[in-house]
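Structures incoming, each one as structure tokens.
Below are two complexes that have subunit A in common, paired first with subunit B and then with subunit C.
Let's look at the complex of A and B:
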């Protein structure tokens, strides 16, 4: 699954650590999400979308 | 505490508390074991006391473990679950090969050990080898999981 996490984070000038703190996850998790090597659970995906103020499909795109 | 996350603080409590509980339990078990050896009539209660002490230590360890587990995020949990499954299974597979080898050539193993281990110690060593193989497998797969997601 592709996502726009890195772009959305950069737009707000947040570091990975900042985003990790806001989402209450580890920085390593943010890195794994941004590189598309870890797909979040539905609750975490919703939390991310809510934090950026976008609908979930604007943050995550299914590659299928 | 020093700007650490809740998960990190609980990990410190988990590791530190487990070590402290193991030390206290070990000293208590050693004291009871020594008493049991001096007073032969005390041996059966000593075995029970050591068993109960170690159960209490493990209960503390698992309680701290649970507190830490509730604080970690889902990717961290996934890494541990995946690593325990695949690393633990791989470790057990290696253990199964060793098990079959020892079972197939018991005289060669006896000759190699040359009475170095009593039956009780051999049993302990067998259990420890299986546990170590699983932990090594888990650690390797856990490192691999995070390396693949850098």
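Let's look at the complex of A and C:
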């Protein structure tokens, strides 16, 4: 699954640690999401979408 | 023709780990040779563990060392922050420091539990039933304490870490159960030598540690 996390984060000038703190996860989780090594759970994906003020499908795209 | 600078795909942290691993090879080799030299010269006294027990003690020492380093990192929230946050130089939060201390303690406990049985049979030879029972009682107490510690760490972990732990457990179970079956079959058919339960445990522990490192690397914990 692809995501626009890195772009959305950069637009707000947030570091990975900033975003991690806002989502209550570790910075390693943000890094793993951005590098495509981990797909988030549905609750975390919704939290991310809400934080950036976008619908979930605007942040995450199915690669299939 | 312009020469573009080559961008290394290996992160500074991974490069440092690689350098440390390469530097560790000769250090380990010469330290081992020195220790064996001491044993040959009779400086180990009555301490003469078997090969399997020696392996357990090395594993236990590794776990205790890793635990001390992990818990020690939490001593400075600034240093821990650098470790966790990479380029972002913010200090670690108290919750992050507590998590690292907890993780360190769990590792130290695991090392102590691993070392206790081979140390007891090597240092107190022959081991009296009373002392064996005392060691076993202590081990059960430590095991309960460590289980509480593990559950507490699980509760404080985020979903990536929980996923990593769950994947490690699943892969370890499938691979090591398969390996155990093949060895047991070979033993039944008189093709392989008999393993003691302790030897089998050593193999599963080494397998578990190797698999956990592999899964953590695959999930991006090594940047």
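FYI, the second predicted complex is superposed on the first by the 64 of 64 C-alpha atoms of A that agree within 3 Å, B and C clash if a C-alpha of one lies under 4 Å from a C-alpha of the other, contacts with A are read in each partner's own complex, and residues count from 1 in each chain.
Convention: contacts are C-beta pairs under 8 Å (C-beta built on N, C-alpha and C of every residue); 3 or more make two chains touch, one makes a residue touch a chain.
Note that the coordinates shown come from a computational prediction; the quantities given were computed from them, not determined experimentally.
Trainee: Touch test for A:44: subunit B only (first), subunit C only (second), both, or neither?
Mentor: After superposition on chain A, A:44 lies in contact with both partners, subunit B and subunit C.
Trainee: Tell me the contact category for A:16 with respect to subunit B and subunit C: first, second, both or neither.
Mentor: Second partner only, subunit C.
Trainee: Once the structures are superposed on A, label A:24 by its partner contacts, choosing first (subunit B), second (subunit C), both or neither.
Mentor: both
Trainee: Counting contacts the way the document defines them, which residues of subunit A are shared by the two interfaces, the one with subunit B and the one with subunit C?
Mentor: 24-26, 28-29, 31-32, 35, 37-38, 40-41, 44
Trainee: How about subunit C: which of its residues touch subunit A in the complex?
Mentor: 84-88, 90, 158-161, 163, 218-221, 223
Trainee: Under the definition above, what is the set of subunit A residues touching subunit B in their complex?
Mentor: My answer: residues 21, 24-26, 28-29, 31-33, 35, 37-38, 40-41, 44.
Trainee: Would you pull the subunit B residues touching subunit A in the complex into a rising list?
Mentor: 5, 7, 72-76, 78, 146, 148-150
Trainee: Would you tell me which residues of subunit A are touching subunit C in their complex?
Mentor: That would be residues 15-18, 24-29, 31-32, 35, 37-38, 40-41, 44 of subunit A.
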